[in-house]
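This is the structure I have questions about; it appears just below.
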Amino acid sequence: MGKVGMKLIESGLRHDGRKLDELRPISMSVGVLKNANGSALVEYGRTKVIAAVYGPREPQTRYMLLPNRAVIRCRYHMASFSTHDRKSPTLSRREIELSKVVREALEPVVLSELYPRTSIDIFIEVINADGGTRTASVTAASLALADAGIPMKDLVAGVAVGKVDGFLVLDVDELEDMYGEADMPVAMAPSLRQITLLQLNGVLTPDEFTQAFELAKKGIEAIYSVERETLKKKYLDVKVED
Amino acid sequence: MSTTPSSEFFIPKLKTDIIISMLGKGLRPNGRKVDEIRPVTIIKDYIPNADGSALVKLGNTQVLVGVKLEIGTPFSDTPNEGNLMVNAEFMPTASPVFEPGPPDENAIELSRVIDRGIRESKAIDLSKLAIISGRKVWNIWVDIYVLDHDGNLIDASSIGTLAALMSTKLPNIEVKDSGEIVIDKSNKGEPLPLSKAVAAVTIGKIGNYLIVDPDIEEESLLDSRLTVIVDEDGSIAGLQKSGAGYLIEEELPTIINIALSKGKEVINTVRNIVKGSK
Amino acid sequence: MGKVGMKLIESGLRHDGRKLDELRPISMSVGVLKNANGSALVEYGRTKVIAAVYGPREPQTRYMLLPNRAVIRCRYHMASFSTHDRKSPTLSRREIELSKVVREALEPVVLSELYPRTSIDIFIEVINADGGTRTASVTAASLALADAGIPMKDLVAGVAVGKVDGFLVLDVDELEDMYGEADMPVAMAPSLRQITLLQLNGVLTPDEFTQAFELAKKGIEAIYSVERETLKKKYLDVKVED
Amino acid sequence: MSTTPSSEFFIPKLKTDIIISMLGKGLRPNGRKVDEIRPVTIIKDYIPNADGSALVKLGNTQVLVGVKLEIGTPFSDTPNEGNLMVNAEFMPTASPVFEPGPPDENAIELSRVIDRGIRESKAIDLSKLAIISGRKVWNIWVDIYVLDHDGNLIDASSIGTLAALMSTKLPNIEVKDSGEIVIDKSNKGEPLPLSKAVAAVTIGKIGNYLIVDPDIEEESLLDSRLTVIVDEDGSIAGLQKSGAGYLIEEELPTIINIALSKGKEVINTVRNIVKGSK
Amino acid sequence: MGKVGMKLIESGLRHDGRKLDELRPISMSVGVLKNANGSALVEYGRTKVIAAVYGPREPQTRYMLLPNRAVIRCRYHMASFSTHDRKSPTLSRREIELSKVVREALEPVVLSELYPRTSIDIFIEVINADGGTRTASVTAASLALADAGIPMKDLVAGVAVGKVDGFLVLDVDELEDMYGEADMPVAMAPSLRQITLLQLNGVLTPDEFTQAFELAKKGIEAIYSVERETLKKKYLDVKVED
Amino acid sequence: MSTTPSSEFFIPKLKTDIIISMLGKGLRPNGRKVDEIRPVTIIKDYIPNADGSALVKLGNTQVLVGVKLEIGTPFSDTPNEGNLMVNAEFMPTASPVFEPGPPDENAIELSRVIDRGIRESKAIDLSKLAIISGRKVWNIWVDIYVLDHDGNLIDASSIGTLAALMSTKLPNIEVKDSGEIVIDKSNKGEPLPLSKAVAAVTIGKIGNYLIVDPDIEEESLLDSRLTVIVDEDGSIAGLQKSGAGYLIEEELPTIINIALSKGKEVINTVRNIVKGSK
């Protein structure tokens, strides 16, 4: 739709100079917190997310125990200063939904059946929000789980594609999300070819959907490489096949 | 905190194996075909005090949707548009495992998926819902009450929401010289301006099998599911993967195709029932 | 008191054409929900109430167990679209009070001592409110308990009488409640002659109270008949003495 | 959810039998007659920062009621009337079984019964509490704090509320040209316009016996009780049956008669103490 | 700072006629409630506080049990009519902080190790607030603990000193607190010379602090005497050395 | 209800004895001197969407502070002053014992001590934060997020708050003829008017020993602690004793002197880092 008089794409370039299929600068580090069993800081451009993992450990409340696997607990939370207008610190309906969506994006890869009767707790803090926070959260949580030494079948990486001024674009930022026609966050375990998160907010034709999904895969592959590099740098002795 | 749910409806391994082997032959435990939706019944205008309402059954799943219109203030960035608010409550009447309390993550997710489908497809023409430009607009409250849970709450809620919106009448109002607005509910006004119909179609995945409109027994076996919001033009107006499992790339075209075809069917069904029962 | 210029009773007839001692059309059905152990839908005119019963079952929280009887849990709740102005879905103080009043209207007839250490849960949803919702709730809950097969000493039936424009009237609707002088909801177990609910909101002289109570009894008898017919229709084999 | 309470003060069966046999002879364990109310003491104006207040003892039950007047906005359907708000808190000081927290169903029921009694009997002349027609009125906050629970909280609260309202003074105000209203609390203003006195009288039923003003030991034995709000004209200004038991028709005339007579007695007591202690 | 045109101290006397180092009239009584194991009513001028103690008793929730001592639970709460503008009955952030501060002012003197696996519950209700409510609360709670027969190493007494119009003053009331430059509440176990509560809200030079603390000690000694007299009057047989 | 906490980091008696005997020789388990503060690192302007921010490490304790400025309404008794709001959240990332939820008594106490220190020392010149006299002022939100807890959260939060405020810029605004105020965040405005720097210095007491800036292991052994808010003029701008133990009179002068000296040191450190990293 595009706000009246606002053009987000000119001469094939986006408002911040990126090409249609270009990611923002991606940066990642792990082990950024001392107390957590695993932690990571992930930046997609100005979007900054910290993830911390505690566990496997005894659950705080016994009633949630499962006899045959670990429960995964996940909280997606935005710091009150992370948004343009100050956000109330209490969990919004959006944060409650995304806590579930992010948890379900990680469940398929965690070998939770190795740790019955325990809890694996994932705490995500969005400290600066500029679009793509849920997919950056999945990426950060995946790294924090690896940093905590929790066995996984694969890493998960996420990115949002969008439709802006009629064009499909990779890694939408907040401005594009706000004034674009569609926003489609995707997360995958790339080596397994598993789609673990898929949402669409907006309208796409079936053909556009197919193309958008291909674009997402391309971004996810790139982010996945950075994830593996990041872990390799930290754990020199870890075998990661290139 | 979102937490891995304990499986509420534990099904023995043997039964699971039997069901998967049935699915291998294209059969479902409930006798439906894999792409068959349960029968839909709709009673519209069920709630006299609502401006629009529908009591919907999708098989044995039962959902009551009420629409209320109130005079509100527009957001500063959309001064000439009405506001849409969708809320879902999983009533404790609906299932032995539902307890009274504020909506949990499932109810919130459901209401937000329904909300996004209506909002993004521009199903309601919000620009026709300003009363006084920049100052007074219609607030549209859609309240979804799940009364009986036999699976696939989201598709049932989507049908109920569509039927309730189709039957909603804008109250007659009078803007007084003082600027005060008086609502006259004594007789029904114009229909709510609907520009497009949308429907949610949920496809569940059990093992490598895909089934449409899973019932509660099937839901207990699902690895994951994808809800596709379909609009009457054949576009995709929303997606939501849920469940602790995954999808694989190759499944997407199949899912989308089934959803587009079933979504059209559902929209027609609702339209016929609502119009027909006039 | 009556709102200025508003007459609710003219020539012995009420605003909706009813006689002073006339009930609204009463309709009842049971077994309206699949999952609940018992359920009922009751309509007094435009007032519509659904009741569902789960139990006797293991209580959700153990601390509330009683060693010598079932606990009865009861929630009276109004749907947000049931009222003229949209009601917030959170429980109001009025709903909290009425949950207690309705529970205490049912406690005397349920043979709760047959099911120690269990819970019998009654969930009432007012889906359209036009006066008399608490008494319709008692009636609906009583039917849902019967439908759930929970042994009771008697059915309970309720109705509100009121004083409107100086006249005592049976089965007040919302308009009469709002502009009348008094509203007195009563529920009884008629065969046992037990009064299980009695409230008065408004002012009556002692004589008026006596007459109002007689009027309530008359209405309760009629509603009780419909209750029994409703159950008889569903359970042909059930012995109900006429 | 309202839940069958566990009996907090368990009394052995033998003791119950003894008490019932005493009641058969017209005797109560506390030595009172069946229609005898415990002694009432009232200290009015106990709270300097309140606009009206009373510390009341009904036997060993102790209740502190404070009235605050604030400037508020009228409801649109009563533009020239003040608003009454009654709130009750069962303080954790009052009983080993009271925990801090928001009011439970018992506290809410109590406050609503007191509220209805005042409101329906028109005890306060709300029409004299408009400040600027349609725009500014007095909000009357009645806050009931139960400090010590020895039974029959509702009658004690009713006495405290009546005494506090009788001692309430309207603050002096000045309406400035700008429309701003300044409250001057430096000296006391006119009394709150009370047009009628009301009192709650609670009759408990144990077995087939009726007793007035049950104390906490008796309450643990009650099958049910009926609270009757009595006004000074001898009318019934409210009723509330509570408890898991029932009443029978034949008991009603007796209960009403006792209540009317005792209510008159209570109203006179309060009036004398409040006036007398001036 | 002092509000423009407002002088709180003239000719060495305070707005209510007190001298700089003069307490307000102090009154205390114990055993004011029947159900509580111990209770006290304390008044510092127009500030009135009721404290009730229940315990040592079995805790309401088991998880808070300590194996080697009693837990002390403390709630400082202001009645909604205690303040100039009606206060919401829900606990404010200030009340949550002061519940902790008051608890920690009493912890050092209670012989909690005598009652392992129990709870000692202190409920404080400020029923009229005119400054010094937290220190009056400590005093009242100390008396209620003694009234409950809970062994203590010493009584605790508290008072606030302040800086008003440049002068240090004893036992600040609300007006002085609001328009003064500093407010310093202090509580001590005087016989043990232990400082159990110390806060400063405002700015003092180190010298002023020293003097203010001396002033507080003076007030505390006087309040401590009243505490002991109050208990002696009630428990004639209790040995309190003068 | 404030409740005696269970000691989260239980340290065996033997280890306690060893540590106390070390302290007797002026040694701390972490190798620091008794009056030595852990190294401070600060990254300012860490949060692009905040108007001021700082990521601070005090040893391994890590705190992120963000400042947001919003247009608000003044209180009626300070019509020409901005408003300060300080909020602290102990994130569940920070410690295995922190659970998500609203701030507990420790977080509330911390934020209120920080708030009072800034407010009472007049560190921010609130009188320069009126936009339209009596009608519009700046609201200053200081949000403290504890990310990693290795002891002495309050001093770390105080450093973070000071650094974040020092780096805060007032957004440029335009007051339109209509009275509407438009915020232009496209370029940074003037610095927030800070008139004074303050810092919290916390001294812990173990047995008879006093230590500055206790880490989490030492905190588990503390009898009590005194937080002293020090301003740059060498005055005391706040005090807060906490913990279940006591102080004795004779310790006060020592504590105050250490705090004043260390506070000056901390303020200089922060100022140098924030200025230097410009």
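Note that the chains take the letters A, B, C, D, E and F in the order they are written out, and that residue 1 is the start of every chain.
Basically, a contact is a pair of C-beta atoms (placed from the backbone, for glycine too) under 8 Å apart; a residue touches a chain by one contact, two chains touch by 3 or more.
Nothing here was measured: the structure is a model prediction, and the numbers come from that model.
Contacts with chain E and chain F are shared by no chain at all. If you take chain B and chain D together, the chains in touch with both are C. When chain centres are defined as mean Cα coordinates, F lies farthest from chain C. Here B-C and C-D were compared by C-beta pairs in contact; the pair with more is C-D. Between the CA-based centres of chain A and chain D the separation comes to 58 Å, rounded to the whole angstrom. Between the Cα centres of chain A and chain B there is a gap of 27 Å.
With each centre defined as the average position of its C-alpha atoms, the distance from chain D to chain E rounds to 32 Å.
Residue positions 75 of chain A are each in touch with at least two other chains.
With touch defined as above, residues shared between interfaces to two or more other chains in chain F number as follows: 1, 100. Chain-to-chain contact here is organised cyclically: the chains close a single ring, every chain touching exactly two others. Chain order round the ring, anchored at chain B and oriented towards chain C, is B, C, D, E, F, A. Partner chain E is touched in their complex by these residues of chain D: 46-50, 53, 60, 62, 64, 66-68, 70, 87, 89, 91-96, 99-100, 102, 141, 143, 145, 147-150, 185. For chain B in complex with chain A, the touching residues are 1-4, 6, 105-106, 108-109, 111-112, 116, 120-121, 224, 226, 229, 231, 234-249, 252-253, 256, 260.
Against chain D, the residues of chain C that register as touching in their complex are 64, 66, 69-75, 93-94, 96-97, 99-104, 107-108, 112, 121, 182, 184, 189, 192-206, 209-210, 213, 217.
Residues 33-36, 39, 46, 48, 50, 52, 54, 57, 60, 75, 77, 79-86, 89-91, 121, 123, 125, 127-130 of chain C touch chain B in their complex.
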